[in-house]
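Before I ask anything, let me first share the structure, which is written out below as structure tokens.
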Amino acid sequence: MSEQKYADDVLGSSFKKIELMLQADYGISKHSIGSLLLQGDDEIISLVKLKDPENFSKIMEAVNFAKSSYNDPLSYIIAIQNQGKANYIIERAMEYGPSKGISYREKISKVMIDPLTGIPIMLLVLYYGIYKFVGDFGAGVLVNFIENGIFIKYINPLVIKIFIKIIPWEVLRSLFTGEYGIITLGVRYAVALIFPIVTTFFIAFAVIEDSGYLPRLALLIDRLFKKIGLSGRAVIPMVLGLGCDTMATMVTRTLPTKRERLIATILLALAVPCSAQLGVILSLLEGNPKGLWVWVGVITLVFVFVGFVSSKILPGEGPSFYMEVPPLRLPKLSNVFLKTWTRVKWYFIEILPVFILVSVFIWIGQLTGIFNFLTMLLTYPIRWIGLPDKTAVAFLFGFFRRDYGAGGLYDIKKAGLFTGNQLVVACITLTLFLPCVAQFLMNIKERGWRAAVGISVFVLFFSFSVGYLVNLAFNTFGINL
Amino acid sequence: MNILEKLINILKPDKACSSCPQAKFGACQKLAASLEGIKKIAVVGSPNVGKSMTFNCLTGAYANVSNYPGTTVEVFRGKTILNGEEFEIIDTPGMYSLMPISEEERVARNILLNEKPIIVLHVVDAKNLERMLPFTLQLIEAGLPVILVLNIMDEAERLGIKINIEAMQHELKVPVVATVSARGEGIDILKGKMEEYVRTKICG
Amino acid sequence: MKLNERAEEILETLWVNNEKSPGEWMDLGLAKDNPEIDELLKLGYIKLINNRLSLSDKGMIEGRKIIRRHRLAERLFTDVLDIKEKLVHPVSCQFEHLLQEGIEDDICVLLGHPKTCPHGKSIPPGECCRKSQKDIKKIISVLSEMDVNQKGKVAYIYTKDNPTLQKVMAMGVLPGMAINLVQKYPSYVFQVGQSQFAVDKEIASVIYVRITK
């Protein structure tokens, strides 16, 4: 008698024994429940313990006996048997004819995943997709058009006129149309600054996503990401983080281990600027290419350094990488627009209340003097990193939303209050600075109170330290940007 | 336990009906189903097989196309009409087998276990049938009411793969339909099979 | 002429003893009146002096072959078929006698010319092993050591780590599937059926492939 046969008999008889002992209704067949028990499915084991308590220990005895009869895990054995059945059907119902040669899609795919050609392609995709399209077109052309062409020219004067008529009280009116008013600041930022940037980013992301490029990016970058405790899979939340860190933090739940999720959350909170912020920073550093490179360099360095250190400190096993690489597809325009639309909608539902709330808070803060007090408090670390006092306001905004803060810098730069060095230091510090309120809430939701608060404290301390060091380096080496 | 729940329990086929004649079985189930509210149809399958596209074709509503995790962990639900009756269609997160290794797969399995779908549409990539058929077999083995949907048929044909639908149905003993959901091809046939399935299941 | 099982086992015992302590003669003991002893003596496989046994040169060669078959069988049962450890030895004892000469070389090729049995004892190399050292191309290779564009069929998945096994199975990679390596660096990209997957080195090192091209 062959031993394989003997082995099959153990499995077969174990199935029968277990099926007989299962009494409750599980919604699926007893054979399937038996199969899941034999494969060691914890969830099903506790379900059976709950539903069939009297037979439970006997059932587990049968399961363990079956397990002990094999060298390999039963899930492997059962999968092989199941595949055998599938192959039997395939042989009867499927034929392979000649295929029509290697398609051009296959060739493009090979070029994309070969590091020699793939890395330049990756840089091109990031340059044109993010820098050119989001930075130049979205944050430059569109923002300029909507803000200067529409808001400042038509909407703001109109709104101010209307409110002067309907609200006679200066104090209440400033809630809507003051320097930080709901409409003049909140709605203007949301519509004129954030909307075009976020929309262009989500269009770019949807095109990249639908084309099937992301898994190819993931496999190119896996080895690098392993160094910072992540796998190539994490490239998806990271690139998405360039759009919206809050959404990206939510997506980290698709990473397989707790450790990876935590590292990704830290990096998103600290060193991945979201599109709103990115757009404003790109336009801030416009005409200062050296400053832009310093900013890119420092942020990248921080990203790698913090990732590397946390992968060394945090307990747990290193990540493993496996991912399907789907065929390349030409993105369908209708899908790209629908996706962009759902995401922009999600984004606005998420942020518009925050924007309005911020205006209200600032209004209350100004009325009560708390705002001035906090600004004053913030001027100390601000001076410490060599920035003008007025920047403190932008940083205070940054507590609510990072792009709000960046937007504040934008206004200061327009007023000509920054030197080149100060601008770069401010951009770096604010990029690393605390995540926005929405992201903080998402951190609590996904990682829990302790981790969320811990991350925020760390980020606060770390961002100013980096700002200080960069400023120190500029002064020590006499660099003027 | 309220009276309605008791009534449903009595009427449930695996309890009271297991002893009654075959003819009454359907009637019992129909009554039980109508008491339990809207009947559900689950769409299952691994990522990148056009599951959401098929779902969109059947409901006409929008759902994200690829397995973009942030959105598919939140399960999509839509409505469709079969035989003049309204059904809820659930687009489940991608799953490879009944044995979950990710959070998404766990969600998908819980839908199958707890929501008692009246039809389970298993959408597969026709060109990868060899790898995906084992899961179909698992679903059938689980006693779920499976219809196998061979999607992306156009790509399979381009690769020279020929699938004999009749033979598949004969071997699996469940309905099999070929579709190209990206272009809406074969969806009418799928709907026809679903209607037929619902008819025989409830009234037969 | 072909020796019977009992006779083969006597040669095997003597050979193993000689492997352990070379040159030592074994006590005849209980085997005294065995007809196989007479037969082996007659055929010149063994030498008998003062109730103590030793292998002749001819017996050495034959014993080596039997041991080779036994240990290869053990490898086969453990690595390829799935047989519980405690059963491996007794099954292999039966199996070794069933193997025709020459078939063990095929098994050896199939297994990639293993050096030791599952218990760690060395497997005496055969003609095929000597040839294979010149001809580097292996018949069974782990995916991570295959050449780009090499094709084959999945032979088995070997790992002690259950989560890794689950991941491999989730990709639908199982014995018998056609597989081909598309790229090795920076990640391993392979095609199974009509799908491509990217994996890291850890996962690529548990998939064993029987090379066909």
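Quick notes
All chains are identified by letter, namely A, B and C, in their written order; residue positions are counted from 1 within each chain.
In this text, contacts are C-beta pairs under 8 Å (C-beta built on N, C-alpha and C of every residue); 3 or more make two chains touch, one makes a residue touch a chain.
Note that the structure is predicted; figures quoted are calculated from it, not measured.
The innermost chain, defined by the distance from its C-alpha mean to the mean of all protein C-alpha atoms, is A. For the interfaces A-C and B-C, the C-beta contact count is higher for A-C. If you average the CA atoms of subunit A and of subunit B, the two centres end up 32 Å from each other. Subunit A and subunit C have centres, each the mean of its CA atoms, that are 50 Å apart.
Chain centres here are Cα means. That of subunit B falls 47 Å from that of subunit C. Touching of two or more other chains is recorded for residues 97, 99, 130, 134, 159 of subunit B. For subunit C, the set of residues that touch two or more other chains comprises 163, 166-167, 169-171, 195.
Within subunit A, the positions touching two or more other chains are listed as 75, 79, 83, 87, 324, 326. The touching residues of subunit A, counted against subunit C in their complex, run 3-4, 6-7, 68-73, 75-77, 79-80, 83, 87, 109-110, 113-115, 215, 218-223, 226, 231-232, 320-326. The touching residues of subunit B, counted against subunit A in their complex, run 14, 47-48, 62, 64-66, 68-71, 73, 97-100, 102-104, 106, 112-114, 116, 129-130, 133-134, 136-138, 141-144, 155, 158-165, 167-168, 171-172, 182. Of all residues in subunit A, those touching subunit B in their complex are 25-29, 31-32, 35-36, 39, 41, 43, 75, 79, 82-83, 85-90, 92-100, 103, 209-210, 236, 240, 247, 250-251, 253-254, 256, 324, 326-327, 332, 335, 338-339, 342.
By the touch criterion stated above, subunit B contacts subunit C in their complex at residues 96-97, 99, 101, 125, 127-128, 130-132, 134, 156, 159.
Listing the residues of subunit C that touch subunit A in their complex gives 77-78, 81-85, 87, 91, 157, 162-171, 174-176, 182-183, 185-187, 189, 195-200, 202-203.
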